[in-house]
Amino acid sequence: MNTRGFASDNNSGVSPEVIEKLKAVNQGHVVGYGDDPYTLEALNVLKNQFGPDCHPYLVFTGTAANVLSIASMEKPYHSVFCAETAHIQVDECGAPERFTGCKLIPVATKNGKLDPGMLEPHMTGFGFEHHAQPGLISISQPTELGTVYTLAELKALADFAHSQGMLLHVDGARLANAAVSLGVSFREMTSDTGVDLLSFGGTKNGLLAAESVIIFRPEMLAGFKYIRKQAMQLSSKMRFIAAQFLAYFENDLWKKNALHSNRMAQKLFHAVKDIEGVTITQEVQANGVFAIIPGYAIPLLQDAYFFYVWNDKTGEVRWMTSFDSTEEDIDRFAGRLKEILKRD
Amino acid sequence: MNTRGFASDNNSGVSPEVIEKLKAVNQGHVVGYGDDPYTLEALNVLKNQFGPDCHPYLVFTGTAANVLSIASMEKPYHSVFCAETAHIQVDECGAPERFTGCKLIPVATKNGKLDPGMLEPHMTGFGFEHHAQPGLISISQPTELGTVYTLAELKALADFAHSQGMLLHVDGARLANAAVSLGVSFREMTSDTGVDLLSFGGTKNGLLAAESVIIFRPEMLAGFKYIRKQAMQLSSKMRFIAAQFLAYFENDLWKKNALHSNRMAQKLFHAVKDIEGVTITQEVQANGVFAIIPGYAIPLLQDAYFFYVWNDKTGEVRWMTSFDSTEEDIDRFAGRLKEILKRD
Amino acid sequence: MNTRGFASDNNSGVSPEVIEKLKAVNQGHVVGYGDDPYTLEALNVLKNQFGPDCHPYLVFTGTAANVLSIASMEKPYHSVFCAETAHIQVDECGAPERFTGCKLIPVATKNGKLDPGMLEPHMTGFGFEHHAQPGLISISQPTELGTVYTLAELKALADFAHSQGMLLHVDGARLANAAVSLGVSFREMTSDTGVDLLSFGGTKNGLLAAESVIIFRPEMLAGFKYIRKQAMQLSSKMRFIAAQFLAYFENDLWKKNALHSNRMAQKLFHAVKDIEGVTITQEVQANGVFAIIPGYAIPLLQDAYFFYVWNDKTGEVRWMTSFDSTEEDIDRFAGRLKEILKRD
Amino acid sequence: MNTRGFASDNNSGVSPEVIEKLKAVNQGHVVGYGDDPYTLEALNVLKNQFGPDCHPYLVFTGTAANVLSIASMEKPYHSVFCAETAHIQVDECGAPERFTGCKLIPVATKNGKLDPGMLEPHMTGFGFEHHAQPGLISISQPTELGTVYTLAELKALADFAHSQGMLLHVDGARLANAAVSLGVSFREMTSDTGVDLLSFGGTKNGLLAAESVIIFRPEMLAGFKYIRKQAMQLSSKMRFIAAQFLAYFENDLWKKNALHSNRMAQKLFHAVKDIEGVTITQEVQANGVFAIIPGYAIPLLQDAYFFYVWNDKTGEVRWMTSFDSTEEDIDRFAGRLKEILKRD
């Protein structure tokens, strides 16, 4: 049995229901590439969750969902504004630039969240052919720092984007964690606030490899299926991605998983926040805990539990809880940390 | 239960062993993105199959494996020669051009197979900056027309490519079917003949979504992992692609499946070849049967079994067998065809 | 003094009027990047020539004009049909694919000219996401083989393109030679026949480095200026490209030059066609003469006059006349050829 | 006669010697695309200036020279660090990203100059496939803010880049102005300090449209000519770009022009620095003067002399002198500014 840790929610496996569903759809032949009843059903489920005017497309990875969201604009001369901590900026190896041609413009933030005031100074050069044209604001919900935008903040960003003739994209690789954190539906958080493009992820919350691009603007659909194919994201046996989303929404598996991992993050936060030597650096609003711990403690703790150092300079580390984290895992982890720091 | 047909080997589901293996690796946490023991094991299994000097990379789709094979050259000014029926030419929506920048040059063939003589006239413009530089020969084994290159033919193409300073890529989306057709090992068919780049597929032979790029030239590896990431093909929960390949090679599942589907193609071939009105158009060497049937018969047969018309002008149709095709399926299909044509 | 030959019309220098015009506009400061009165005037001159609804953009090279014409569609999943001898296919090093992402599909022709019948078999896969979507027909007028489409042929291609939801692009690097060959205006040959996108060249007919993209569809303009900038074709001192076009249309310099070079091609044709050992391979309709001569004669003739072998296998050679070719040049060239072949 | 102003050094025309040289090379036929004696001579002149191991390539625009410098690395997964004011970041419409696929990472500076300390925090993620790989440092000499790196600063950046396995690129669109500012040769500033890639411009210092990419690493040359062609920067009548560089180095025209425009910038600086209401914001080390003036004064001054507002928020403006600026131009401009501000 592999040890459960706090390195990333994608270090976990998948919910058993997911594999059961893979087995359930493994019956005879169906047309490939998404023209099958399981995919049709999954798309309908997604429409129910996000609003009848949205158009979901299934893909394999979160990076693909982000890149395809940008690519859906079909404007390689657009610029994309994002937090300097955004996944598209620091964790996708330049895939957005390579595939879309767009320029990414990172904006410094304190907690991973953008607001219109931060973007205002960049609203220049419209119509000036020397400048990449401001085209998209891309945010992560929750952010890479575990913070969550309120509905009002989302709406403010969408309104701002639209007032500038731009679109708003949400990287929702962990959107379920944000939804349960805010206690709102997916629809309230997306189509109701004015989101135009969404990367909706399932992999980090108990699925195997199932992500989607959800487009809320019908006028952007005509070419998208070709772009997905060009991005090498059209699954031949699509029913097996569809099956994962079917499992995700049956009996609210998504909610159960996200509530659990968020709760585990809270438990972890409370278990470590008062340990001497530990400084929590970000509000814990989803399933991530960010902290600064003494440099010497990092490798000692990593010996038992692999995790990522977020910032080499400050010693900030990131601990992610997962759908399968247990209370015992956290007790043991916090206990080990306490033990290490006590030696100080 | 969904009806089994002959539209494509990717209309089938997956071998039960595959789902069992997904379940088996679904244990606790492992490091993401391929730094896990299951992936390590799968890569070792692939190296055993293809030769110790090969370097396999796991990806999601066959299109991705092909595009990444071309991209691994890192030369957007290269041209790629392929049969005009090649998957990269007609079935990937221009993904190779978009992602790699390379020019594809289609070459007419009779049976989907290239040979040096067909390529010779294109060996021009080396060093001439106005021409895309001849860089790669890409063939499919088996071809899209169900024919299979012999080892000697493969070696001749590899030698020719190398004599021109070019590389040889094999689109092996159905490589298992070719291996059992020839009765040779993967290694004999690839590293031993001089293949440089291979797309090795599993999805069409009973896996869920598991393909790989296998690079036989160590000098091409330095940048490849970044290119895979940029191509949005780096799976976070990589163990689940690895698991599929583990299942594929346990108890020679790949061979069992491929032998079966090839045998079913032979059965289908023999069941229909003498029906009046049916003209078999290609040698049946793997798991595809190509035939011309009267135009009126096509929709009537499709009513019962969906399949693709390969060539609208000639009425040529394609029937693919799969790992799960049964003798009864074929008897029923051939019976239905006979019945339709008898009415004539 | 450098010897004049028949290698290419771009081996010539420029009409003296062009340099005089460069000098004339070299006065004080004007706003850069095209917002200057000379550029405004040149664009107006072009509109007068091509029709009031066209929108011309100045660029540096013919390859750029072609690539930008394709890029103006903003659809990297489109395919572009062209003759297999087209400049975009064989002489641009894959620039169209690299910059636009589109797939080029070469079509075999006898004389460099396409017609709807040749394209008909390729009209497949519309709406099918596996196929690059048929988007553009690109022809050269005159063709790379020195032949010229009639107005009726142009119209037939435009109508065919539009009937399929496609556009028609004309590579008019030598459009002046076609215009005088047909005895028609630029407008009759382009907007009146239904051409959608035009590369209009001047460099090969006596200018220095002045080409343009002319867009006949206003709905395609919104993003084009950014695309030109991204293609590195926005000249800072644009007035000097503009000046070349101003000189081109003053006193019909374009026509004088093109009439002369076409006339010289006719003279060359008549001077060589009856020499024993010379087979003229294409109709001489513009300023190129194609012929097959004995292999041994090629290097002997090249000793005196550099020119290109068009086809290594057949021994076909290409001789281009230019705005500055003289009757004496041709007499001497034909004399030399006769002398060489007499030795036979 | 168009009024001379201070908007940009590319609003000027060209030195008369340049047009004379265009006329001089306009003689008969020479082989196209750079295989002509004039181009050979120009390349030799450039080698003499920059060092015998450099390899110069002629192109049309400064944006092209920059983009091609990045593209010469042939690594679309590289990141490029630059000042947030860099031309490649703010003035090229995303051309670097679109053509090369690379990610640009802007770094904040006070005066347009980078130093190793500013780059140090970005030296992360080497070998980590999720990160674009640090590949290039790109600086401008002089900077977009008119400041000039010392030789020691250049060497420090080159050494730093090399210590990290990276390369150093210099955007030298105005390199002549830096050379005369420092009183050093081009070679001392480039190959002697360790520069790997250079965009060497002439257009802003009296040429018409002549720029070059100079590569100081022979191992990067093999593919470069194809990349230039793909970038649509291969001039057919190359002799006319070559002629401009020949004129540039005959009788040290480059030096005469740059000395003059730098001297005019000094004169302008001294003429305005003590006017009440004027705050000079950058050291005047080349041919640009940056100043903050009251908002109301900007349009009044622009009425007489068009120039660019550099920063809308602060009211900072940019005035560039040119090879053809005269003392009277500056007296009149400063006089007008004084007059406007006196009204205050």
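As written, the chains take the letters A, B, C and D, and residue 1 is the first residue of each chain.
In the analysis below, contacts are C-beta pairs under 8 Å (C-beta built on N, C-alpha and C of every residue); 3 or more make two chains touch, one makes a residue touch a chain.
If you're wondering where the values come from, they're calculated on a predicted model, not measured in any experiment.
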Required minimum of steps from chain B to chain D, each step between chains that touch: 1
Which of B-C and A-C has more C-beta contact pairs: B-C
Most remote chain, CA-based centroid, reference being chain A: C
Centre-to-centre distance between chain C and chain B (centres being mean Cα positions), rounded to whole Å: 41
Centre distance in Å when chain C and chain D are each reduced to the mean of their C-alpha atoms: 33
Whole-Å gap between the CA centroids of chain A and chain C: 50
Per-residue multi-chain contacts in chain D, two or more chains: 76-77, 92-94, 98, 101, 129-130, 132-133, 226, 229-230, 234
Residues of chain A touching chain B in the complex: 1-5, 7-8, 10-14, 16, 19, 22-23, 25-32, 59-64, 67, 92-95, 98-99, 203-204, 208-209, 226, 229-237, 239-241, 306, 322, 324
Chain C residues within the chain B interface of the complex: 76-79, 90-94, 97-98, 101-106, 121, 124-125, 129-133, 312-313
In the complex, chain D residues that touch chain B: 33, 74-77, 101, 129-130, 132-133, 223, 225-230, 234
